[in-house]
Amino acid sequence: MTSREQVSRVLQQHGAVMVLGVLVVFGSLAFDSFATPGNAASVVVSSSFLAIIAIGMTFVIISGGIDLSVGSLFVLGGVLAAYGSRYGTLAALLLPLAVCAAVGLAQGLIIARTGMAPFIVTLAGLLGVRGLMLAVSDEGATTYLVEDRAFAALGQGELFGLSHPVYVTAALALAAMVLLQRTGFGQNVYAIGGNEQAAALMGVPVARTKVYVYVMSALLAGLAGALNAARLSSGVTILGIGLELDAIAAVVIGGTLLTGGAGGITGTIAGVLLLGVIQSLINQVGTLTSAFQQVVSGAFLALVVVAQRLLSKAQRLS
Amino acid sequence: MAELTVRAAAPKPRVYAWVQDYGVYAAVLALLLFNVLFTPHFLDVANFRTQLVQVTPIVIVSLGMALVIGTQGIDLSVGSVMALSAALVVLYLGYGWVPALAVALAGGALAGLAGGALVAYIGVQPIVATLALLVGVRGLANVLVPQLVEFRSPGLIALGSSSVAGIPVIVLVAAALTVVMVFLVRRTTFGRQVVAIGGNRPASELSGLPVKRVLLIVYVISGLLAALAGVLATARLQASDPTSLGQFIELSAITAVVVGGTPLTGGRIRVVSTVMGALLMQLLAATLIKHNLPQSWTQMVQAVIILAAVYATRERR
Amino acid sequence: MRRTDLEAVLEAKGISKRFPGVLALDGVSLALHPGEVHALVGENGAGKSTLIKVFTGVYRPDGGELRYQGRPAAFGTPMEAQHAGISTIYQEVNLVPMMSVARNLLLGREPRGRFGVIDAAAMYAQAERVLSGYGIDTDVRRPLRDLGVGAQQMVALARAVSVDARVVIMDEPTSSLEPREVETLFGVIRKLREDGIAVMYVSHRLDELYQVCERVTVLRDGRVAHTGDLADLERIELISLMLGRELGQVRSRGLTEFSRDRPGDGERAPVVEARGLTRKHVLDGVDVTVRPGEVVGLGGLLGAGRTETAKAIVGALPLDGGQVLVTGLPLRAGSTSAAIRAGVSMLPEDRKAEGIIPTLSVRENIALAALPTLARAGVVSEAKIDRVVEIFMRRLRIKAASPDQLVSELSGGNQQKVLLARWLAIRPKALLLDEPTRGIDVGAKAEVQALIDELAGEGLGVLLISSDLEELVEGADRILVLREGAVVGELSGDEVTEERIMATIAEQGDG
């Protein structure tokens, strides 16, 4: 392997982490209030919900698919959790997870059994789940409040200055890493995304693996929504719009190829944090509106994909 | 022995082929019939006009989307480009509405150029390239015009609200664009090249087609059409609203294209069916609302229709 | 004891498989015995792939019985067949390019450590151990795609064999292997035979069949045309069984359709002149000259740079150096459209991936390259297209229900003719044909060969790439032999023989 090849491979796999490091160093030098425990905690906490969704999205994208329904599922999860909290902590958790898993199962089955494009199936899912959410919340007119203390504590309680969802996210990320790298299921996900036909011929249970992946993604989106509802003490019906795009952006920035077959959780987490740090940096500049954050995020995403393209070209040429 | 299909290769049953080709027309007709019979005041001219005017931006955006999808691409940026053109048109309204329109269109073309360049020359996947634009261009529009701005340009307002022979101008514009697009796809070298590239890009390259240029132009056209839709929508609203104008229109446009029977796998473009697809979704929403079914129903029914349409059009394997 | 006296391990009894409109298999019976290497041959469309897919659980038969190890068997999926002990190696490498070599080799059978989690270190060690047995020494952590195609095929083979297989089905396993690798493969096959494993060997390469196979089954039109010992069958008999033609007919006609009675005309100015085509690791200063009316063959092994040379000439392969002149005028580098405008076009090897536009009709496919000439101000003339399409469909005898039929519904041979028509419609000065008869049926093959002859007779310059030595020798007036991206010999006149080509490749091969 030539050194140039090595460099481009390292950049592809760990570029997001490096850029994250650079941005953090830059932020610490440029702004006094950036490298404070308070700011760091706020970045980490606000990133954790997107991170949970992005973990599921990473599995989906590595398998060669995409899941546009997660934003809607996030909202639905929140609404259902708040609604369920009337009946206790367990109901607040299980209701959203069960419904979201069912939606993921339906999407996964349709994708795996009919061969329809994940993009379009989950686009239908996005609409259908939004409809479901509106139906549950009286066309968005009712905002359920979280009525269970223990459940609210799940989103609001803190440990060492960080709220619980951060620890949930960290645990999920670790579990996801092991699942992806060190289990047969993880290998199957990579194999399907890398070459579906070959995977089938190598004995990979393609349909089953796909179904699992979409169920997982939906479950994680629902869980993120539920935790968010716990944090906000209510199931807000208007949040989460466009969240699927943020999650995809984070995964792609993290170095996972949208064509499937390559990528990982570390990169995704770095991608999520990168988006959070960009937002935080723009907030530091006080005079900039949040619209600037969109401009920068968009430009950054474009930059990342261009860099990825050029790197993979360089790899192929050498 | 070259191919190795895991799924048994069964030809598409006739009924699916029929649904793919004519399903959307049949569905529109059926819905119209249903409404004529069961919906009071459905045949009122005012009602018809409202429906048509509402669906016009989606139709215009879908025309560009159909072209992009025909190349096996996708353009998620159309809604943001609408917002950008809405922002630009009010910013430059001081120079008169025609120059402002020109600037807005140029902005859309430029956004399309950026997306097209990423896709055609750098080789970025369309979905990510245009996702970056979706995020960035919306931000740009908001930076340019941070809040809703009302305007009083008689020319622009007239564009949005006047009628010729009882038909709103913007509907006429959409109809004219549809005709142009049909001609472009069916009768021009460019149109055939677009379809060929979508059907097999390496083959098109080896056949000497100007693949990159064609792809670039396709995204520019999509950007231009989105910008025009943005201006028309702004003219009708008599206010520029870059924060929310065109949000999720990419989903409606993709839905229209897909429901019209154009496969996402590229290599086929059905222009009139795409317009029908947009009309179908609009009609469906209107019908449900007229019959006092809530919005949640509309969205769930739309989801089912998308699935059904794609199921019928899915390529045999 | 003859191996056929043993009980069959895998047996098809009167298997039928029907697809809409076609009876792909019609009462096929075939028995595979432990320790035998059984050749399965037949022309395209004879039913070989369908039969393999029935054996491997991809298809379920409509009639007849499949017996495995003495019991009736019905495999629902390739996985079931694999678990039962039937492994398959496909013509195209069916592995996952982006995954590491080790993960590909051991996918689904990774060594586990604590908590049932994959033990990466043990996995890499095991992969290295297995692969060194196949002569592959590589970093098993690297992505599979870093390996050459041959090495990838060996990984696939190692994978297939190492799963306690009782039956190994090899579908054109050598199509992308180099001679050295073919030897390794044969070594593995012999070892499998000693271990009592049944091997079904599917190949078009008769040499190989006679080297490793004991028995042969010939399929024709979905039926078994012959089963027996291969040694009892003369080559020409085997061919006549495959073709379904009388022996005498085959003998008299020769195996290809080339006449080779074109008058050589070395005086005419070259239509294509490529000088010093160079690209790192791929081409090393290749010179090619093609004169009008001349068929120049490119000989050499896979990976010698034949396809790359053709692609470089038409500007489809970026070059580090070199120049292409067409009728004496230099071409703009890296522009396929410039090459086509100048009159040089290439018929790609992979019809499906680089040739046809599957979503378009026969008509549109033929007109594709000629569109600019069939249009005025960017608007196409349907009448002109109809005329051109009609001319070429008739001339090339393209069999389609109508010009509006989807090209993807045609047979391989007819697709190839459509692609030829696409080029003829723009009246090229030179055509570069990359494996023009690969994967098409005998009849179409003969027609394509006759057409090449005819075109050259009309003054077209032709560059012919073919792995079929016979085709190359009978078709080409002059042959350039390539090895490792460089021209290592030029043969013309009486030197154009299979032996000389092989000798030219071989004599350089030692260096």
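A few notes on this one:
By written order: A, B and C. Residues from 1 in each chain.
Note that in this section a contact is a pair of C-beta atoms (placed from the backbone, for glycine too) under 8 Å apart; a residue touches a chain by one contact, two chains touch by 3 or more.
Computed from a predicted model, the values in this text were never measured in an experiment.
Taking each chain's centre as the mean of its CA atoms, C is the chain most distant from chain B. Contact count check for A-C and A-B (C-beta pairs in contact): higher for A-B. Centre-to-centre separation of chain A and chain C, using mean CA positions: 44 Å. The distance from the centre of chain A to the centre of chain B, with each centre set as the mean of the Cα atoms, comes to 28 Å. Under the contact definition stated at the top, the residues of chain C that touch 2 or more other chains are 78, 90, 94. Looking at chain B, one finds that residues 4-6 touch two or more other chains.
Touching of two or more other chains is recorded for residues 197, 200-201 of chain A. The part of chain B that touches chain A in the complex is made up of residues 4-7, 74, 76, 118, 122-125, 127-129, 131-140, 142-143, 146, 251, 254-255, 258, 264-265, 294-304, 306-307, 310-311, 314, 317. Listing the residues of chain C that touch chain B in their complex gives 19-21, 44, 48-49, 58-59, 78, 90-92, 94, 171-172, 202, 314, 316, 336-337, 339-341, 345-346, 348, 352-360, 364, 367-369, 371-372, 375, 378-380, 412, 422, 439.
On the chain B side of its complex with chain C, the touching residues are 1-6, 8-11, 187-190, 192-193, 195-196, 198-200, 202-210, 263, 266-268.
Taken in their complex, chain C has these residues touching chain A: 77-79, 82-83, 88, 90, 93-99, 103, 107-108, 110, 116-118, 120, 139, 142, 146, 159. Those residues of chain A whose C-beta lies close enough to touch chain C in the complex are 1, 178, 181-184, 187-188, 190-191, 194-195, 197-205, 261-262.
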